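Two complexes come next, and they have one chain in common, subunit A, joined by subunit B in the first and subunit C in the second.
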Partner chain A sequence: MTGTIDIDGQSIPFEDGQTIIEAATAAGVYIPHLCHRPGYTPHGSCKLCTVKVNGRNCSACTFPATDGQTVINNSDELEQDRRRITQMLFVEGNHMCPSCEKSGNCQLQGVAYHLNMLDNHYPHFYPRREMDASHPDILIDHNRCIFCNLCVRASKEKDGKNVFGIAGRGINKRLIVNSPSGQLKDSNMSIEDCAAHICPTGAILIKRTGYQVPIGQRIYDQKHISEVALAQENAHGQD
Partner chain B sequence: MKTFLKTILIDADYQPVRLLALLRKVQAQYRHIPAAAIDILAEALQIPRAQIIAVVEFYSFLHLTPQGRYDILISDSITDHMLDKENILGYLSSMLKVDVGEVRADGLVSLNNTSCTGMCDQGPAGLVNGLPLTRLDRPRIDEIAALIEQQRDISDWPAYLFAVEDNLHKAGLLLNAPIEKGAAIQAALDRGLEATLAELDRSGLRGRGGAGFKTAAKWRFCAEESAERHYVVCNADEGEPGTFKDRVLLNMHADQVFEGMTLAAAIIGAKQGFLYLRGEYLHLYDKLQAVLEQRRATGLLGDNILGRGLEFDIEICLGAGAYICGEESALIESLEGKPGIPRNRPPYPVTSGYLNQPTIVNNVETFLAAAKIAVLGGDWFAGFGTEKSAGSKILSICGDCARPGIYEYPFGIAIEQILHDCGATDVLGVQIGGPSGTFISNQEFKRQLAFEDLATGGSFIVFNNSRNVLDIAQNFTHFFAHESCGFCTPCRVGTSLLKKQLDKIIDGHGSAGDVAELESLCQLVKNYSHCGLGQTAANPILTTLQRYPDLYQNRLKNISYEPGFDLDGALEIARRMARRNDAGAHLSQVEE
Partner chain C sequence: MYEHLETAQNPANLKRVVVDPVSRVEGHGKVTLLLDENDKVQQARLHIVEFRGFEKFIQGRPYWELPVLVQRLCGICPVSHHLAAAKAIDQLVGVDPANLPPAADKLRRLLHFGQVLQSHALHFFHLSSPDLLFGFESDIGKRNIIAVLGDYPDIGLQGVKLRKYGQEVIRMVSGKRVHGTGAVAGGMNKALSKEERDYLLRDIEQIIAWADASVALIKKVHTANLPYYDDFATIRSNYLGLVKPNGALELYHGGIRAKNDKGETIVDHFDYCNYTDLIREEVRSWSYMKFPYLTSIGKADGWYRVGPLARVNNCDFIDTPLAEAARVDFKQHSPEVMVHSTLAFHWARLIELLHCAESINTLLHDPDVMSSDLIAKGEKRYEGIGVIEAPRGTLFHHYQVDENDIVTKANLIVSTTSNNMGMNESVRQVAAEYLSGRELTEPLLNNLEVAIRAYDPCLSCATHAVGKMPLQLELLDAQGDMIGRLVRHSDGSFEH
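And now, the complex of A and B:
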């Protein structure tokens, strides 16, 4: 079964089983997102992709497209609220963009630019979080983790390894490593793993590659995240 | 440890879905989940260690570090506070020589707060090694402290310390006469299952857990799904502060609840059912097991129920301290031995629930009512209540009233009648439906208890004029921040921001714009959260802000800037370092 949905007045075809974001991406419509990545089990946790479907807020990355849906993706209200949700992610962790190696390549930052986020708005939590530099090739800086679950899914679904997990409850959530010591060096993670390269922020970094591209010449320094995401996801969508 | 784990693993048939039950046993045995146990369990169940740690850290009653041999938790419900809980906790802390949130150096005792334990009609309440302590006062604490210092086994403690009363004050159409054992199954089979579902439909019964979904429709959707197996789940998580009616229903009428589940099983074609019992109700576990055993012995459960070829059995699964596990999809995750994180919907549990099989989840009271409807018919039930809310509602009433306890009313009853019956005077307002519900003021007592007016899963908390509305909203707001599962951003971060923002205003650090900011944060959390917890977490603020805007505004400082913190307080360390305390070393943050 196929059909069409209406996103902001534009008629968009979908195939049976597609979510709203999948149909939108294929049609060249960008819906902001962080925890969604084509080819991975949808998670639905960041809530950045929230759209109004027939008047109700739904996560576009998990909600199935069905014939005749009226979807609002662009509205002042959604833009303002998505900005607030992004600000929540910023104050929850310790995101010091100017000193972060991922700056310019960071999707959290890219989305923040897209949403015209100019400050953090909310009071900072300044949580005390550890670094794990134990692994010879890979660094984890927990300060920047946004609990998108992508590394967990990548390790499990793509690498067949289960290196990561998310533990804790509520604001005490934390990324944990599946090894006897809890350190990355004692896991079976390797630099070739999908999980090593999937982090949308600078929480999982590859060592000895820092600053090879100067800040200012990086992905989101040049291009809008909407453009980058649509191009990438339509090119490698089925990996 | 190896032999202990082996024994419990054999009991659990090496099933990863029993992980939570296994961890509860390890916690009870070793007062924590030792790293060595995690290794053995991971190996035996063939699951990642990280998955086990995730479960341990999710549930409040499981710990990675040792708790005291006597682990005491004191209920933090607003009603316990109204019964002088803070004082009791302080006294306990001094008598036991242990700080709140700590384990005493000798490892004998630990003390902490816990969310509402469902004893609001007999508080201040708590738990010791999972068993309920009620009506705590200084003499009882003296006794408890002495028992602990003597290291007396809990089984030797005097029974009155653990006495839990039913406090049934008013029985209505369900509680005034329970059905005969087996009568509902018999009636349903005699009438025919399809015809019985039609009776249930005609009765107008809607779910009693809060959301009010039509029970017959839910059962029909599930019955229509073709699948290898179907499951029946009874939701006895009862975590909404101020709710304790399911505790009483299970204590007094477990047979009828199990009968309702069996009826549902016959209708949807399930062979297996679960009672998800909140960890706080551990004291009911043995009794409920005995009821199940007796039903098996008398042919009311098993593989040939009443000799009519019906096959069904029920397993009791205990929670471990997580309010979110009352949400049906989180409950299913918990039944599968995982952290209680709500699933994405669709699919709904009726199509993909426990082990991705069609599953119905219903409240204890819903099953109780369904069983009686099967016997007496749909018209009998529909004859009570209002057009949109058929039948009765069983309330657990607590707070400022002379007779807290259980009351059953036909829907449509006016709030003022309920207040009169329970002996509430000088009333400021009532929290209906618990923190996730609505706070109504004393101008609204003509309103009705009904899905179309004031809905409640059972919680009904009365506040008299000596109470402070902001304290109430603050207690509830802290509750949600503590219980947020943390899956989605708006609730994980938003409930903590709500707590900070409300505390800031209540502590007198708010200034112009802070109430408006609070309200817009409320809307954000409400509109964007993934599940009912986040969607209702702002209700305590929203419903009181709507009724008492001045109480909030009056806390604001009349200054032109917006301090996020106490400026003068932040200088304290600097003053100590500089050994200064003169006027020049203070920054005023008061009216301009």
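And now, the complex of A and C:
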């Protein structure tokens, strides 16, 4: 089945099985997101891609496109909601952009700029989270994990390894490593794995490579996150 | 000297006068005076009232974050911390200074010269020139850069543009005027493009001319106010700083030279990696800032001064012609081998500013700054020490890491900390010689700030320690009698 949906007054075609975000991306319409990545099972956890479909809030990354849908993507209300969600992501972790090696290449930071997030709004939690530096090549800084589940999906779906999982609920939610000790060094993860490179923030990093890209040449120094996301995700669709 | 004024014999019933905050310095500090019934000063202290804690919270972080993380200690001289940390983490990846690619070495020097130039310009023109041009006890409404721009527009604008040029050098090399990146373990992350090099070359002749004029200006101000400028806040001290192997002034990398007040050498070309054999730090109960001293001389007489005055005093020559001529002229002004005048810090600072401008010109004509050979590699080590001459003096960064590349220990000795005793002595000299017995007014109290300002202290840099200061908690009853006491010693142990 194919048809069209209406996003902010623009008629957008879709193909059978596409979600709203997939149809929008193919048509060059950016819907902010963090946990969505083409080629991975939709997760719908970050809620940044929330749009109004026929008057109801839905996650564009999980909601299938159906003929005749009226979708609102850009509205003051949705922008405000997305900004608040992003602010919550910042205060629930320890995101110190000024010294973070992912700065300039970080999707969370890029989305925050896109949403014109100028402060944290909510009080910081300043959670005490440990780092796992045990692996010779890969570092996990739990301070920056936003529980997008991308590393979990990458390890399972692309690497065939099942290294990561999300444990706990609510405030106790945490990224865990599937190894006898719980440490990354005792897992079968390697630097070539997709899971080592997929983190949208600075939670999973390749060791000893920080700051090697100069300011001005980092991804989001050069292009807005909407341009980067549309270009990358449409290029993936053509593979 | 004036150490007898550090602690009054009987502080009870003395009148307390506080200068809080000390203005036109980086960071937060205050001066307290205790006066007797005849307004004679019995105690004078410079206190640092802020708390930063960097040494503690960089523990547990990966070492490659250090240059970017620790530069946040300061907004004026972040490049010094960036480069001192970079020199330390070079060692962690097995790269000694001699093995750094020439391009990386020169780019780091260019970055550093840009920073020292902007920092010195900021300090002299924005922070200190109001005192020097209008007078120490001038109307408080005049003692700011806006008034300088109003009454001396050429001088004020030159100061602003000199600083701007230094910041542009920093931006071209590190991506941002303040808190960029640039230095990474074993080298640099970018070279200058031809466009960036040409952009900086465009104004350098003018910058050198303005820098030269600034040296003439401070000489004129200093010599026009003799003997006052030679005597005010002046103390005799040891001096410490880096020098090149040939004895020339050095800001980025060299051996440590220390001289005493007579100009006799205490140590020379000392390997800074052994700094713990050379220097110790004393903790005093009334200050958050430590008091470093030369171990071989001891606590009482081993304290020393760092910064422009120390460097220009200590070096045999400066390897750029205009600055060298200015240095010779500066030294001829003094009847002694060493210049002890605290206000001569300004003069020495502007000689260095001129040296930076000349050195930037030299480096911009060196093709290495556009080379792509930027990174060296070596075998991992577990300890790294980086020392650099920051605008305010010798800066030590010392780190240890574990097998997972995580920082386990950090020690920073910041320039302003080394000048702690010097600043306190100068405050006490001014209090004793210029204020004691007089009715204290705001303009008179500015004299204390002028003395501190000469050192260009960075008080936020200097209060990085955490958990090491001895504390004494006393619980008194309503009659003022002590009913409980808890002491934490500097080693962390407690005593009831």
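By our rule, the second predicted complex is superposed on the first by the 235 of 239 C-alpha atoms of A that agree within 3 Å, B and C clash if a C-alpha of one lies under 4 Å from a C-alpha of the other, contacts with A are read in each partner's own complex, and residues count from 1 in each chain.
FYI, a contact is a pair of C-beta atoms (placed from the backbone, for glycine too) under 8 Å apart; a residue touches a chain by one contact, two chains touch by 3 or more.
Given the structure is predicted, the values throughout are model-derived calculations rather than measurements.
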First, second, both or neither for A:Ala235, with subunit B first and subunit C second: neither
Touching partner for A:Arg208 - first (subunit B), second (subunit C), both, neither: second
Partner with the higher number of touched subunit A residues, subunit C or subunit B: B
Touched partner set for A:Ile191, first subunit B, second subunit C, both or neither: neither
Touching partner for A:Glu101 - first (subunit B), second (subunit C), both, neither: second
Interface residues of subunit A shared between complexes with subunit B and subunit C: none
For the subunit B and subunit A complex, residues of the former touching the latter: 39, 48-51, 53-54, 56-58, 322, 339, 344, 346, 481-490, 492-497, 500, 524, 527-530, 564
Complex contacts: residues of subunit C adjacent to subunit A: 60-62, 64-65, 67-69, 72, 93, 174-176, 179-182, 184-185, 189-190, 404-406
Contact footprint of subunit B on subunit A as seen in their complex: 42, 44-48, 50, 57, 59, 62, 64, 81, 84-85, 88-89, 91-92, 122-123, 125, 146-147, 162, 164-174, 176-180
Subunit C-facing residues of subunit A, complex: 98-99, 101, 131, 133-134, 139, 207-217
